[in-house]
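Quick one: the structure is below, and I'll ask about it shortly.
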Amino acid sequence: MKNYVTEFTGTFLFVFSIALAVAHAGALAPLVIGAALMCMVYMGGHISGGHYNPAVTLAIFLRGKLAPPAALGYVGSQLAGATFAAALAPVVTQQVFLVAPGNVGHTPALLVETIFTFTLVLVVLNVATDDAVAKNSFYGLAIGFTIVVAAFAGGSISGGAFNPAVGLGSALAAMGSKSVGHAWLYLVGPLGGALLATFVYHLQHPRTNA
Amino acid sequence: MKNYVTEFTGTFLFVFSIALAVAHAGALAPLVIGAALMCMVYMGGHISGGHYNPAVTLAIFLRGKLAPPAALGYVGSQLAGATFAAALAPVVTQQVFLVAPGNVGHTPALLVETIFTFTLVLVVLNVATDDAVAKNSFYGLAIGFTIVVAAFAGGSISGGAFNPAVGLGSALAAMGSKSVGHAWLYLVGPLGGALLATFVYHLQHPRTNA
Amino acid sequence: MKNYVTEFTGTFLFVFSIALAVAHAGALAPLVIGAALMCMVYMGGHISGGHYNPAVTLAIFLRGKLAPPAALGYVGSQLAGATFAAALAPVVTQQVFLVAPGNVGHTPALLVETIFTFTLVLVVLNVATDDAVAKNSFYGLAIGFTIVVAAFAGGSISGGAFNPAVGLGSALAAMGSKSVGHAWLYLVGPLGGALLATFVYHLQHPRTNA
Amino acid sequence: MKNYVTEFTGTFLFVFSIALAVAHAGALAPLVIGAALMCMVYMGGHISGGHYNPAVTLAIFLRGKLAPPAALGYVGSQLAGATFAAALAPVVTQQVFLVAPGNVGHTPALLVETIFTFTLVLVVLNVATDDAVAKNSFYGLAIGFTIVVAAFAGGSISGGAFNPAVGLGSALAAMGSKSVGHAWLYLVGPLGGALLATFVYHLQHPRTNA
């Protein structure tokens, strides 16, 4: 229960911050978005692990650290929090919140979502699950600023979700007022990136059971 | 005594930095404001807890970690420091300092003050009072950057106090030269957010006595 | 010897970064300047203490942690490093580097130098010399970002030295090509701030011998 | 093997982030670039040391912490990762990625590459190899933000590589479409800076065998 409360609350606050940052923070929105993730990871990492992202939950599940029913509970909590935040934000911003790619083809958008979610999940696995750096104080900084980098570097190309809950939650809340046909990008890219990160993490830790 | 000196000094320096940042830092003011809180939390956290905010003091009091007279002493020190800073800043900035909402209705402004003070207090309770992360080095980073996020995301809507001492201190210092009828926002929103955070923290820590 | 090498090198690299940031980083220069201090504190803090600032050295000396000859050696190393950097930077920037106040009176400029050097030294004393937070990892972050805040908030008013080595070193290097009659500001303000910080630190730590 | 996988992956993701930041992050690109290095250092520092830079590998080799064949393997992995990233990035950015100096003479460009690579390597040696700060959590922050500072302060002068893999990798990928005759700058400057840093580190640690 405490894990689901934490995942719901953290994802809600993360996505609410994204929606307001996109509306009000101009060119600095990527800094705000990554900082919001950092703060939420420090808020709940010691309780639920602070995933707030089904791609992260998939990788943790594949490492055998989460049973299937719990993993589903995590993803459900994340989607519920993200959708609620995306639906509530327009009360403040007076504009629909929808993560969508720039005016580019599918290849660059998918490449950006895949490579930066790969980066994010590889960082998470190394800083938050590896005993060699147990009890470190930098895990939230590293995870949050990976999203600062990703959103500045690739946000204008792919929309910058790197997270199925962000992509699908915003699509669910915007459905009806905007076209959401691109939302599959935020499922395929991030989950593909998470699988790739799990594989590379395995190469980096040959004695660890994946 | 040392606690009140720390709360007075930290809140004074925090609010003085806010007033100068608003006057001189342009679009980057939210970064400066959150960084100022971070530095003050690291300066005094190990002495007084580094609250500098009656909403935080309320939550710590509700968790039973502060006796009623001490809590009142904290709040008095915070209000005195904030008011003194708000009154002194115009010597440097040549402009009255007043935290005030943007040209929006009460609902968005209250929502922003409540949700982001909720975020702030939930972060404080988890990073600075939870034994599971005792002796961590990230508490100031997490607390300060929650305000970076809040001020970028919501500052243009609510004025961005997330702190009754900031809201009321600036109103007290500006009274006479500007209308301060909106100041109740910074009492109701932040204290409501603090109560909500105390409740969610309780759900996150079922075995802890709230 | 190793302490003087560290103070000379750290102050040189800090001031060289300031001069290039002022020339090339536009509105973000204060972030660069504070980040440079942070990196230098982490580079040399465990060797010399990472002062790079006579105001900090004065406060450490007053706490009895540095003998008079060593304190003089520190200040000499800092001034030499700062002056060398200020003299070398124009080879890169093609412009004279001089820290100077904005078009304001002496009162605001002195107030800014005093209050923010007070902040800096109070942060240093608490995060880098207090046993209650021994072995923390945040000392450089807190010290560096205090200068980020100070330079954004007050740099346009006072010039933003908060450090006699920066103020006097740049004046020594610019003497002849520019008027440097204001340089006393960076002696009086920062040393006054350091004395005030030593006093407040004493109030915060009643059982500690100052 | 795990070291080479980590150096290849980290350098690839670092350079891919640089190329996209240069194309999409405008004046904030230096922040993104340094943050990317920070995240990669936290990702792989506990595995390979997280060099991602032949100048860093040279200094670690000179301290006797890496055998010659391993050092060559590191440099090869770094060059391969950097070149692959520089070649792939145009699929996303639609522009050739090439690190090149501004419209300045050789002296300022070499000075900037040398001094800031000196800074970077001195920071790395002190925060990541000195037993006095073993088990700290700030090493990635200090290393990454040294590049934030360097790129803001000197990027417009030298191109801002501070890393032979970045300079040569981008030149290899751009060869044919752009002139790369300046690439020697990123070999001479960074390697010279690394030698200087090794010497100063030796002065800072008189009892340590270099």
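Per-chain numbering from 1; labels A, B, C and D assigned in written order.
By our rule, a residue touches a chain if its C-beta (ideal position, glycine included) is under 8 Å from a C-beta of that chain, and two chains touch if they have at least 3 such contacts.
Quantities reported herein were computed from a predicted structural model and do not represent experimental measurements.
Greatest centre-to-centre distance from chain C is found for A, with centres as Cα means.
Where the sister copies chain A and chain B meet, the same residue numbers recur on both sides for under half of the interface positions.
The centroid of the Cα atoms in chain B and the matching centroid in chain D are 39 Å apart.
Averaged C-alpha coordinates give centres for chain B and chain C that are 28 Å from one another.
The multi-chain contact residues of chain C, meaning those touching 2 or more other chains, are 28, 31, 137-138, 141.
Chain C makes touch with chain B in their complex at residues 27-28, 30-31, 107-108, 111-112, 115, 119, 122-123, 126-127, 130, 132-133, 136-139, 141-142, 145-146, 148-149, 152-157, 200, 203-206. Within the complex formed with chain C, the chain B residues making contact are 1-2, 5-6, 9, 13, 16-17, 20-21, 24-26, 28-29, 31-32, 35-36, 38-39, 42-44, 46-47, 88, 91-92, 137-138, 140-141.
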